[in-house]
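Across the two complexes that follow, chain A remains constant while its partner is chain B and subsequently chain C.
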Partner chain A sequence: MTISRRGLMAATAAAPVLMRVQDALAQGVTPRRGGTLATILTPEPPVLQIGVNNQGPTIVAATKMFQGLLTFTPKLEPIPLLAKSWTVSPDKREYTFRLQENVKFHDGRPMTADDVIFSIMRFHMDLAPRARAIFQMIETATAPDPHTVRLVLKQPFEPFLLMLDASASAIVPKHLFDGQDFRTAPAVQRPVGTGPFRFAEWQRGNFIRLERFDDYWKPGQPYLDAIIYRIIPDSQSRRLAIETGQAQLTQANDIEPFDVPQLRSRPNLEVQTTGWEYFAPLSWIELNHRVKPLDDMRVRQAMSMAIDRNFIAQRLWFGIGKPATNPIASTTRFHDATVKLAARDLRAAAALLDAAGLRPDAQGTRFTIKHLVLPYGEIWSRLGEYLRQSLRQIGIAVELESTDAGSWARRVANWEYETTLNFVYQYGDPTLGVERTYVSTNIQKVTFANTGGYSNPRVDELFARARTAVTPEDRQAAFSEVQKILVQEVPQIWLMEMTFPTIHDRRLRNVITTGLGVHSSFDDVFLAS
Partner chain B sequence: MDLTKLPGFLLRRGLKALIVVLAIVICNFLLVHAAPGDPASVIAGQSGAADPVFLEQLRRQFGLDRPLYVQLWIYLKSVLTLDLGFSHRQQMSVASLILERLPATLLLTGVAFAFALAGGVTLGALAARRVGRWADSFITVLALTFYATPLFWVGLMLVLVFSVWLDWLPSFGMGSVGVDLQGVEVVLDVAKHLLLPALTLGLFYLAVYARLTRATMLEVADQDFVKTARAKGVPEGRILRAHVLRNALLPVITFAGIQAGQLLGGSILVETVFAWPGIGRLAFEALLARDYPVLLGVFFCTSVMVVLFNLLTDLLYVVVDPRVEAAG
Partner chain C sequence: MREFWRRYKRNKGAVVGLVILLLVILLALLAPVLFPGSPWDMVAAPFVPPGEMGMLLGADSLGRDVAAGIAHGARISLLVGAVSTAAALLLGVTLGALAGYLGGLADDAVMRFTEFFQTIPSFVLAILLVAIFTPSIGSVVFAIAVVSWPPVARVVRAEFLSLRSREFVQAAEVLGKSRLSIMVGDILPNALSPIVVLSSLMVATAILLESALSFLGLGDPNLMTWGYLIGSGRSVIRLAWWMSVFPGIAIFLTVLALNLVGEGLSDALNPRLARQRGGAA
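On to the complex of A and B.
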């Protein structure tokens, strides 16, 4: 089945809305209007204008105010949003979108094809690296009428629709940005979008308040009167906030995985780990191939074999996420379940190191390597300690180095590390989120490029083929082969398919209904009485 | 006190203060830029995607593409005109970012300071008066406990007792959000939120002042002029207040001066545990994000406050103890 056919089938905007209301009805609850949702945002975003800033917390809050043309199911099928229907040409070069007709921005001005073209071709193209890389492929963007947008690409690009979610290309008002510096325009301080909630107040360090937008284009929605994001910097205080009911929802990094089991046992709370299928972060030990002996494939294989991924998933993350089996997460398109990493085997690992000429010395140490601890919370320090223990078993001594976010980003970008941890979003398709880590054309001094320096001409060729192949079958063939090569050569040591706990009061309904989870517009979320 | 000397004293001290503050600004600037990483790389590291164009755009916008000495010169010039610069990361002027956080910090540190000073001196005086008896032992043990206990632990325990078990007080924030409150209700609401963080922050200093007051009072109580006063038949209460306490206050004032200088800096720890929207957190988060102008702005305000309070402390000495002369 192709995306375009799914798109045509889901041709009316009302269908998914009704579906979700029916879901609620199936639980015996009709959506209730009213109520304020108190939730948490960590860390505090610098600005709320999506595009100008695309950090995780920004996207969580901004997706309530901004929407994209589409959004996606947990299986990454497109759901109509600002585009009520669309067609894709068989050669995957022409994409035509029919827009919702009664959409207003929060300042009362109507949203038209002009805004869509401006957002894609100018706003995000200028500001966001992720959008720029893909939207550069657009040859022409035209508006045959005010509610139709036609994009023609220079080359076939099958995963194009995945770039049209709010997190990648939110539709912004042209009249508030055109002719100004996008980063410094006044609208950046008072965001104006088409979403169900509009910006009301932001007391820095304290809270962000979003109010119901009464002229929202879906009749009767949103159900909530307001959403309040409290800024709570301490993880134990956040846990307390959800435990005592001072907050009804936590997401992303709010709650440390080791606090989740206790919260699971509370009858008034529900813990969900779905809703990360679109981002699908995969974590790995990031190896710098310029550091000996990490350039030796046998050493990397041995290190990978020394790690108990089940232990990491169950004992460190308490079941939030699951062991990685290959470089493409199982929820990402074109994951090949038949391609699996070598299982844990200490003896084989030792043999590989012997073969690589790395004999243990009198203390049993074969070589010493530095590990830059990822400074994103205690859980990563614990993982660093676990890895030190595991690698010691095969005679590799690991020295842990502590750092902060600024130094980490700078050192990884400049290749000034030996090993570290990293997790990278896959954005639904290997071309969008996996390719960048392994192709030699992306060996750059920038975070989230191929900073490890792995290079294999065959891998380059296969990713290039998958990028322009028209049919999913052709793309699958290329990706399957790439997965086999990568699992054999272990350029990075994949650890976990990550997800994050979404913890909410049971009265809060419809929190996770798409593959974007808490990064959705929340127009159908309601507080049952 | 010889008032004719005062203008000259203030002038000399003011000049010195200006040089000190300038030196601090330059040191801070160099120190902050010595930390690895810059705001652009932090944003790139947390955005999930980056390319060289993105980094270059950010660095140009932040003014980081110019040589360091040029950046320092631009910064010095703007500070001398009392312009603290602009946070490109947050798209706001540093002055407004700081002013937005200042009331919260002053409220918290001010209340904690007043509570610590009043409570500490009272407890210390009480202990000194009843030295060797159970009240003294009780106060001394209490003070030692608060002195030795880490702040964050006190904070967590207070939250555990008063928020979780008793459910009397909120565990975070500076006020209820999304509730419509009027007049007195607002004051009560803020007071409820203020109680735990102010207590947490105040208890340590309370212990310090109590111990200091008790020790110096006992020292002064042995001196000849106290014996003389007692021999003259001055009532015991008056001896304590007018002779002992007044003379024992000098070290307390010194310490209070130091603490008052830090009022503006807030407390990163207490503000973090109680999600109090103050300056301490602003500075800490600016440090992590390498938001240089904000960090330097907070440093600048704090250093000016410390210098000012040192001056004020020196003047206060003269008032409390006429034997001390104001000298630059």
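On to the complex of A and C.
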């Protein structure tokens, strides 16, 4: 039994890490030691301890200091990181990880299996709802020796490995947290991890400086001496910083989509939109099914047919992102490319509304609905205006309502809206990031739950089957069927597979090498001369 | 009336202002004829420069006609200016008249209340009110009226204070007229000229306030206004300057026209002042 498990040992994935360095060599560029990377962080995070805070900016900066057992390729295949290899038992319940042996925390103490078990079973379990939901499935976590961790699940859970990235379960030092309140421990203010960069200085409202960690476990790495995250609240100043070379890298929300075309034309800058495959945010018009006539499938189909998703992706987002084709983003696992939303067709949309008994009145209006504008910046207001004009064409009058971010979250969580816009991360697997929006068991008064109130027993059943199915083939079958049903019933009107522009100086190499993009450790990033 | 017009005419700037103002009003009235359909309609390709594809003043980021936006926006801007000024006048004149005529405790109470509003920066208060009552045309008008009435109250109080002791008021009192009828029928008509001048300037201020609120995204999301046009063009100003420049010119001209008209009214209604000014120049 043990032998067969060892036989399954995934010695596969050491290759990509080496290959990246080799790729660079192949291009004639030897990684160069030295140099400071100046970049930007927007908005300023409250703390840099993953777990205590898991918002976007925290994860961007903290992943340079903290690492997970694994990370993922753009196709979401696992790459070893702190775990150098792993095996899965034939019944898919036991995961055994061999850890790297010479890993030190920034305070000089070695990282062992105890730290891994503490991080997963106590730290993230306590602090992060997303981690808790999954790690609750772990029956036992044991350390047969200081460099081996064995996790036994209560039942097979095929997407389990996806939860072991630094963004979901970074390994933290047990000796600095055990026996303390995790949120107020001194280490939260001076983060200590195993990553290639250690915390040096944080002037609030000004900059965060991380320094090279000389005892990093990969010999010769990292290449950079330091990374400085500057806090620049104004988007036009951020754009100037990258244009003038004061910053060599921008990411996530730093640069507004409308500024991207001009930055693309600069010869010294490179614009990339990859590196969001793991998060894969999908945006949609969120419909409240309790509001008539949005409970009628034909009405939802008609609304979906009235929208030009290409216009949204090309004209509003300037090509940063692409039209959604179904509820699972094309970079997420189990996306079925053969299942597609009905194409734009105003005549068919009008016919569907006629069939639903919604005839136009003298002004050509079939019915009026309210739309709560997503208060996340100008581009979302423009999208709201675009949708109002699009739906007007098929006789649906949309009344826009403005609100602030806090009220938006409260009203959506309390189902006090008719339609709004929303975008949700998929975390690589439909069970982790898609299921929650459509299953009736998750109809809750919480944001990012099934707030629309869609309910279909067959959909519930298929998501449940995909959750517990052991093989990827069985899961694919269930997810393909669920995509067909959802595309037919259009519970939410999917708009765009979102991504964010990563803009960097061409001399900066290896910025995006994994499916987590700028949320990687940057131990192989270097500044060519 | 003819005398009034003769005096108004003497101020050339005021005549120009009046012409511009009438043109803006004409534009607002004719907007549905000149630009039929909704100003929100996407009628061209996004970012069409002025003069191309039949877009006189260019198209915005969604391909909406900027000229149509300015014409339809004129309706909203003028409407907001007029209605909020009317509301502010109603409140300001009533309170100012009571304070000035009654004096004593009532005067103290009203003036302390007025000062309370005057000490708060008016734009901040307007933002706060609109944010609390959620942005809509009603809340914007309300907010502008609330921050604009205190100067009216002070001016009216001063007029009433000085007029109250005049002989014609004393005569009216001796005749046994009621206080209300003295205030409305005898004093108010004599206090009207500064109110008229002030109100033309208030309309200008109200248009600016509304534009500033819309610029910040606190306007009614269902109505096209000049401030909204500038606000939505701000972020792409290096890509499409026409989106913010033309609405900006519209606001500039309208506010300038209202100020010129205000000055002309002031000259026409206070001939002595005008003559002094003319003599000095």
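Assume the second predicted complex is superposed on the first by the 513 of 529 C-alpha atoms of A that agree within 3 Å, B and C clash if a C-alpha of one lies under 4 Å from a C-alpha of the other, contacts with A are read in each partner's own complex, and residues count from 1 in each chain.
Convention: contacts are C-beta pairs under 8 Å (C-beta built on N, C-alpha and C of every residue); 3 or more make two chains touch, one makes a residue touch a chain.
None of these values were measured; they are calculated from a predicted model.
With both complexes brought onto chain A, simultaneous placement of chain B and chain C is permitted, the two fitting side by side without a clash.
Shared-chain residue A:Val47: touches chain B; no touch with chain C. When the two complexes are overlaid on their common chain A, residue A:Glu399 makes contact with chain C while staying clear of chain B.
Once chain A of one complex is fitted onto chain A of the other, the partner contacts of A:Arg315 are limited to chain C, with no touch recorded for chain B. Of the two partner chains placed by superposition, only chain C is touched by A:Arg382; chain B is not.
In the superposition on chain A, A:Ala143 makes contact with neither chain B nor chain C.
Look at A:Met121: by the touch rule set out above, it reaches neither chain B nor chain C. Put chain B and chain C next to each other and count what each touches on chain A; the higher total goes to B. In the superposition on chain A, A:Glu256 makes contact with chain C only, not with chain B.
Across the superposed structures, the minimum distance from chain B to chain C, using CA atoms, reads 8 Å. Residues 404 of chain A touch chain B in one complex and chain C in the other.
Taken together, the chain A residues at the contact with chain B in this complex read 36, 38, 43-44, 46-47, 53-56, 128-130, 132-133, 183-184, 188-189, 203-207, 209, 226, 228, 230-234, 236-237, 240-241, 243-244, 246, 404-413, 424-425, 444-449.
For chain A in complex with chain C, the touching residues are 235, 256, 258, 261-262, 315-316, 373, 378, 381-382, 384-386, 388-389, 392, 399-404. The touching residues of chain C, when paired with chain A in their complex, are 38, 40-42, 46, 61-63, 131, 134-135, 217-218, 221-222, 232, 235-236, 238-239.
Contact residues on chain B toward chain A in their complex (touch as defined above): 35-38, 41-55, 61, 88-92, 97, 100-101, 104, 156, 159, 163-164, 167, 170-174, 177-178, 271-275, 277-278, 281-282, 285, 288-291.
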